[in-house]
Structures are given as C-alpha cells and as structure tokens.
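Next up, some structures in structure tokens.
Across the two complexes that follow, subunit A remains constant while its partner is subunit B and subsequently subunit C.
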Partner chain A sequence: MRGECMRAIWQISRDVLLEARRNQLFLLTLGLSFTLILLFTAVSHVEESLKNRLFSEISMTLLWLMHFILAIFFVTESLYTDVKDKSIYFYLVRNVSRQQYLVGKYLGFLTAITVSILVSGLTVLLCSTWLNSTLDVKLVWGLVFLIWEMALIVSVLTLLSFMFSKLITVFLFLFLFFFASLLEYLSIDSGMNGLLSGLLFLAPNFKYYSYMEMIVHAKAISSKYIVFLLGYTGCMSLFYLIATSLQFRSREL
Partner chain B sequence: MLQISDLHVGLSTGFFKPRVPILHGVNLFVKQGRIFGFLGPNGAGKTTTIKTVLGLIPRYKGQILLNGQPLDNPSQRKLLGYAPENAYFTPYLTPMEILFSLGTLSGMPGSEIKKEAEYWLQRLNLSHVLDQQVKTFSKGMKQRLALCQAMMHKPELIILDEPTTGLDPIGKDVVKKLLLELKAAGTTIMLSSHHLLDVQEICDDLCIIHRGRVLVAGETETLLPDGMNLEQYFVQVVTGCEVNV
Partner chain C sequence: MSSEIAIFASQVKKSFRKNPRHKEKFPVLNNLSLSVTKSQSIAILGPNGAGKTTFMKALLGLVFPDSGQIQIFSHPAGSQMARQRLGFLSELPLILDFLSRQSFLNHFASLISDAGHSKDNTLDTLIQDLIGNIPIDLPMSSYSKGMMQRLNFARVLQKDPELIFLDEPATGLDPIGQLNIVRIVNRLRELGRTIYVNTHSIDFALEAADRVVVLHQGRIVTDQMCKDISRSELENLFLGLDSIRS
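And now, the complex of A and B:
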C-alpha cells in the first residue's frame, strides 16, 4: 500500500520534471542565468573593484531573482492549466488520491527548481573561485538557503493556485512577498515590537534579507541560524501544504 | 455493475454564494457487459453525474456502488476507465510518456504498459506520432489519445463523455467498432453522446436525463416505439411534444 502511494507520488513528480525539461520558460531562465553570470564574471575580471563582495552580492541576487520569477510562472501556469484544461482528471480518476497528486506536484516543482539552482549555482561557484582563487563557502550556504526559500515559495504558490485564477495568484503572492519582506527589513533595521514580531513569524517570511546580508557582508553563519531557518521553512511549507490539501479535498473539479 | 441511487448534487458558484442544485435524486443501473447510453440535452446533468461517479465532485448525497462496493475509495477506481469530452494533456509530453505515466498510476507493470500502449496507439491511428509532443496534436488526435488511456489498463467499466467529439467520420467509425469489440469481450461501457443515431445503433440500454432528473430508462429496443428513431424519441421525451413519424 505504502509502495503504491510512493510510486504514484514519484510518477507525478516525474511528469513535472519531464514537463520542466521541455518548458521554454525553464530553458530561458537557465540560459539567461548562465549568460548574465558569465557576463558579470568577465566584467569583474577586468574591473578589480567588483571582485569579492560585489560579485557575491550580484550573482546571488541574480540567481534569487531568476528562480523567484521561474517559480511564480512555472508553478502557477502548470497548476492552473491542469485544472482549467482538466488534464488533472486523468490522474484523479485513477488510483491516486488528491493528497498524492498535491505532494507529487509539489516535489516535482521543487526538484525542477532545485536542479536549476544547482546548475546555475555551480557556475557562480566556479566563476567566483576563478576570480578570487578561493572557494567561497558562504556562497554554498547561499544556494542551500535559496533552495529552502524556494520550498516555501512553491508551497505558498501551490495554495494560491488551487484557490484563485492565475492573475490573482500572482498578484496575491507578490503582495504577500513584499509585505513579509518589508516586515523583515523593519526587523533588521530598527527592531520590532511584539505585534510586528508576531506578524513577521506568521507571514510566509522568506528570510531573504537575513541570509543575503550574511553572505554579502561575510558574517559568520551560525549553526543556530541554520537550524532555525531549516525548521522554520519546513514547518511553514508543511503548514501551507496542509492548508492546500484541506482546500483541495472538497473542491469540485 | 454500477448502481447510482438517489444522487443529489449541488455545485458551488463562488465564495459565499449558495450551491446551485444540479442533480435531484438520480437513479441509474448500468448492467455488466452492456453498452449504456446516457443521454440528455445540454446542461441536463450528464457530465455532473459522470464527474460525481469518478470522485471529481466530492460533495454529494446518495449512493454510488461499483460491484456492490462504494466508489469513494480511490482503489476502486482501478476498475474504471474514463475519457472526457475535449481531452487535454500536459502539452510537453509525448503520447508514450503520457500512457506510461497513466499506466503506472493504474498499477500496470512497465512491460505490459509498453505492449498495451503500442497496441492501442496502433488501433487508434496514433502510432506515427509516438515521439511527438502533445502540444502539436489536433483535437481529434487528443481525443483518440484519451480513448487509449481509458482502455489500456483493461478496466471493467469504461465511462466515455462524448467520445466522438472532434473525430472525423473515419475516426467515429473506428471508435464505434472498438466499443462493440470491447462489449463482446465483456467490458461494460457507459456512454454520453449527442450523436443519437450512433447511440441507437450500439447501445443496449438507455437513460434520458433532463434538468437533473431521469425521464426514462430501460432497454433500447423496449423504449423505442415502433417506427421511431432515437432522435425523434429523444425530442419527444425531452420537450414533451409528439413527433410526427
């Protein structure tokens, strides 16, 4: 029984990966990431002042931005089209529960985006090592944090995509993201009172500023911070997936 | 085989809006090894009934039994095959990839999937586009692919919602012969269609539904008055008008 359940989840994830491999948005994101990283490496090689800190900052921001856009459009388009065009029927009329479909899709999206981050991240690492003659370990941590952030982003997008149309999902997600980022910025900049801290904890906070600041300003990344970020991302992603599952369970298709 | 008793379904029309009743106590019985024609004008509730049977509409009142077992359990759905009206598939996948995925989800082993997929793609004239992405397919080709996936795992009951939509006359003829072959092999078929003369030709049993209520149900031969074809009978039953034969 458990084997069948896992096989269904794996098969649905595999379909998402196949879809991603041929999706033009996916290929465009990877191509643009490569081009921009290589261009910036060339400029940094010529201009001494761009090495080290600025290279790390710009390349990590670039990776974040490209995958942020990719996640929004890939997840929203795929889930919305599945329901609108009714291709979801072919899965759900078989021995597949809605929860299995949901988890399979989520893992498929996350794996596809992770592969893209790892491929373009490896390029950043190689370029950084070539420019500075040393491997910047903080960049590796940056990639790990970026993948965690994507886990949360995909779970929020999954919930919104099952509830709203494509356009509303994108607008609502951007609103949530900028609201949470503003709170995060305020907390770093001026500290926060109890109410704002509570809001910050409950909002799907992506901790973007925290880890980017650490990497860019070469601050030490404590094990306490890593555990907190992992725990936070895991719990929040799970929370959004459970909310999606509850919403999806009673939905008419 | 399939028994639907006192089925009531209401559909949601948006946040904070009351549900609109669609089905008002539908009763049906689809007998084993026969072709059951499920007919009705547009908006009668045919697709809603089919979607409820398939578990796509989870909130309903009444009972749906397949071989005496409730259909709420997804594992019961192994016994079902379904092809929707206007089939759409993930556009970036090829027919073989789609059939492999759906065959796996139906619990078929890999070697059998390959054999069955090749057979059905050949039968429905899709063997020349095995490695072509579905986004390049015409409506009729997608419809034929939908039929392949509905039949490849050898289900006991096949539910077809307008299976000949988008098919050319040759395609329609292939499907008609295929359904008769499946029936001869013991498969039960529930078919919803507006091509009433074809339905009359192949269906053993009929049910006409209108505004969420079953108007008539029974064997085709018994239901149809002498000298009247199904189109005339359908119009008569639905509009309540006598048709001059």
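And now, the complex of A and C:
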C-alpha cells in the first residue's frame, strides 16, 4: 500500500520533470544564466577589482533572480493548465488521492528547479574558483540556501495557485515577497516593534537575500545561523504545504 | 443480472454562486435521487445547464454536494474504495503529445493500484481492438481526434474498471468515430460493465444504453428503460423542455 502511494507520487513528479524538460522557459533560464555568468567571468578576469566580492554577489543574485522568475511562471502555469485542460481529473478520478497529487507536483517542481540551479550553480563555482584560485565555501552554502528557499517559494506559489487565478497568484506572490523583504530589511536595519515582528514571523520570509548580504559584506557566518536559516525556511515550507493540502482537500474541481 | 447497486444517489442538492461577488446561489441539482444497478448502462440526457456534468462530477468525487448522499458500490463517492472500481472518459481526450501509444498506456497503468483488480484482464482484447491501428512509435501529437479518443478509451479500460463514466464520448467525432464509440460501449455492456454516459445525442442514448434519464434544471424529468420509450417521444420531451426554457 505504501509502495503504491510512493509510486503514484513518483509518477506525478516524473510528469512534472518531463514537462519541465520540454518547457522552453527552462532552456531560456539556463541559456541566459550561462551567458551572463560567462560574461561576468570575462569582465571580472579583465577588471581585477571585480574578482572576489562583486563576482559572487552578481552571479548569485542572477541565479536567484532567474530561478525566482522561473518558479513563478512554471508553477502557476503547470497547476493552472492541469485544471484548465482537465488533466487533473485523470489523476484524481481513479487511484491518486489529492494529497498524493499535491506532494507529487510539489516534489516535481522542486526537483526540476533544483536541477536547473545545480547546473548553473556549478558554472558559478567553476568560474569563481578559476578567478580566485580557491573554492569559496560560502557560495556552496549559498546554493544550498537558494534551493532551500525555492522549497518555500514553490510551496507559497502552490497554495496561491489553488486559491486564485494565474494573474492574481503572480501579483499576490510578488506583493507578499516584497512586503516580507521590506520587513526583513527593517528588522536588520533598525529593529522593529511588536506588530511588525509578528507580521515578519507570519509572512513567508525569504532569507536568501539576508545571506547574500552577509557574503557581500564579508561577515562571519556562524553554524548556528546556518541551522536557523535551514530550520526556519523548512518549517515555513512545511506550514504552507500543509495549508495547501487543507485548502485543496475541500476544493471543487 | 446482478442486483448490486453500483451508483446510489439520494436527495442530492448542489448550488453555485452566480458570481463570486454575489451571495445569491442558484441551484444546479435539486434533490436528485438515482440508483443504478451493476451491469446496467444508463444514459443521462438533458439540455445545456441541466446539471449533467455537475452530477457526474459529484459521483466522481470532484464536486461536493451541499446535502444528500452519494455512494459508489456502497462506498462514499471520492473515497479510495470507490475510485478503485471506476474509470472515466472525458469529452476532451487527455493528450500527452510527446508520448507514444504504449508509453501513454503504461504511464497511466502505473498510476492505478493493482488492489481490487482481477489478474485475468477481460478487457485486454477490447483494448487491443481499440489501439490496434494506432501507430506504435509516433507521438500522440500526430494522431487524429478519433485515434486520441480511442487511445483514451483504452486508458480508461486498463485494470478492469467495473463502472465506467463517459462524458460526451462521441462529441467532435466523425460518423465512423461515433459508430466506433457505440460499438465499444455495447461490447462493454456485453462484458457486464456498468456504464454511465452523459450525452446530448438521443440516438447515442438509445443505441448505447439500457435506460435513459432526462435531466432538466437539476431534476429528473423522465427515467425509463430504452425499450419503453421511442425516439420521437424523447424528441418531443426535449422540445417541451426547450419551450419551458425560452
């Protein structure tokens, strides 16, 4: 029984990966990432002052931005199309439960985006190592956080996609993201009162940018902070996934 | 004929909001009750907006009634036990255009649990008949609509569903395609499968079903065995419904 449950989840995830392989947005993301990273590498090689800090900052921000946009369009489009062309019926009518469908889709999205991050992230690491003659471990952690943050981004997008139309989902997600980022910035910059702290705790708080800021400003990063980032983002992703599951259970199709 | 109840619906009510901004709801299903015995073939006829699709979705567990009870082989609609025993063919064929015939079938067969299915698949011959002249290696994107519908029918029949739901299965097909669908449904009837079909076509209903139910405004207007009602009687009934609507 458990094996069958896992098989259904795997099959749905595999569908998402097949869909991603054929989706031109992935090819475009990878193509643009490669081109821009190689361009930054070439410029950094010529301009000494860019080598360390700026190369890391620009490349990692680029990876984040490309995959942020990719996640928004890929997740909303895939979920919206499943409902629009009624292919969701073919899964749910017979032996796949709503929970299996949801988990399968989520893992599929995350795996597809992770593969794309790893491929372009490896290029950043190779270029960085070539430029600086040493492997920057902070960048490796940066990639781990980026993937981890995608888990949160995908879970929030999935929840919104099951509740709203495609366009509203995109706008609402962007609003949430910028609002949470503003709160995060305020909390780092000047401290906050109780209400804002509460909002910051409840909002899907994206921490990758904070991590990048620390890299850029060459701050020491403790293992305690790494554990906090991983734990916080993991808990938030799980929270939004459970909320999606509850919402999807009662959703009429 | 077995007297086991395949579909049992009692006093089912469902209403929808006209607009998300309005509180006012309009009823789609009005205390609808229906019972279908195992191995029976039932056709649901009705004009657009009669509630056919909503009722089928409620039976499939995709829509939740406001009140009333729905059971599939004595299990609640949408439950795993109910889902294991049914198949569903939609009006729009599912197209995974990059897959070939066999990959498409294998893909969906792997999603269906083996639990509750007999090992000797009595529908294998019928599946072979359905997909026989569909090219093996070409992707679905190169298939005609008739081929896609037959391939989807074959997908539905995998692992022997006992109860098969068909939503407008002949819509958009040429006359030969429509005749093929009638022929397949009749083969399934001979093999003792329970068939529930939504259709606009009186001819299709009379040729492919034992029993015909006409829905109008979420209520059953008539429920008769096909042998007891003629084509002209059904036509007159429809014309009467149309005049009520206009």
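Operating definition for what follows: the second predicted complex is superposed on the first by the 253 of 253 C-alpha atoms of A that agree within 3 Å, B and C clash if a C-alpha of one lies under 4 Å from a C-alpha of the other, contacts with A are read in each partner's own complex, and residues count from 1 in each chain.
Going forward, a contact is a pair of C-beta atoms (placed from the backbone, for glycine too) under 8 Å apart; a residue touches a chain by one contact, two chains touch by 3 or more.
Please read these numbers as outputs of a predicted model, since none were measured by experiment.
K.L.:
Following the overlay on subunit A, give me a clash-or-fit verdict for subunit B and subunit C.
P.N.:
Superposition result for subunit B and subunit C: clash.
K.L.:
So, does A:96 touch the first partner subunit B, the second partner subunit C, both, or neither?
P.N.:
both
K.L.:
Looking at A:86, would you say it contacts subunit B, subunit C, both, or neither? Reply first, second, both or neither.
P.N.:
Both partners.
K.L.:
Is the number of subunit A residues in contact higher for subunit B or for subunit C?
P.N.:
Touching more of subunit A: B.
K.L.:
Answer with first, second, both or neither: which of subunit B and subunit C does A:249 touch in the superposed model?
P.N.:
Touch status of A:249: first partner only.
K.L.:
Pick one for A:4: touches subunit B only (first), subunit C only (second), both, or neither.
P.N.:
A:4 sits against subunit B and subunit C alike.
K.L.:
For A:18, using the defined touch cut-off, is the partner it touches subunit B, subunit C, both, or neither? Pick first, second, both or neither.
P.N.:
It touches subunit B and subunit C both.
K.L.:
Kindly list the residues of subunit A that each of subunit B and subunit C touches, one partner per complex.
P.N.:
Residues common to the subunit A contacts of subunit C and of subunit B are 4, 7-8, 11-12, 15, 18, 22, 85-87, 89-97, 250, 252-253, listed in rising order.
K.L.:
Where on subunit A is subunit B touching in the complex?
P.N.:
Checking each residue of subunit A against subunit B gives 4, 7-8, 11-12, 14-15, 18-19, 21-23, 82, 85-87, 89-97, 249-253.
K.L.:
Can you name the residues of subunit B that touch subunit A in the complex?
P.N.:
Residues 11-12, 51, 54-59, 74-75, 77-78, 80, 82, 84, 86-90, 92-93, 97-98, 101-102, 104-107, 133, 146, 149 of subunit B touch subunit A in their complex.
K.L.:
Give the list of subunit C residues in touch with subunit A in this complex.
P.N.:
Touch list, subunit C to subunit A: 57, 60-64, 80, 83-84, 86-88, 90, 92, 94, 98, 107-108, 110-115, 161, 165.
K.L.:
Flag every residue of subunit A that touches subunit C in the complex, lowest number first.
P.N.:
Per the touch definition, subunit A meets subunit C at residues 1, 4, 7-8, 11-12, 15, 18, 22, 85-87, 89-97, 250, 252-253.
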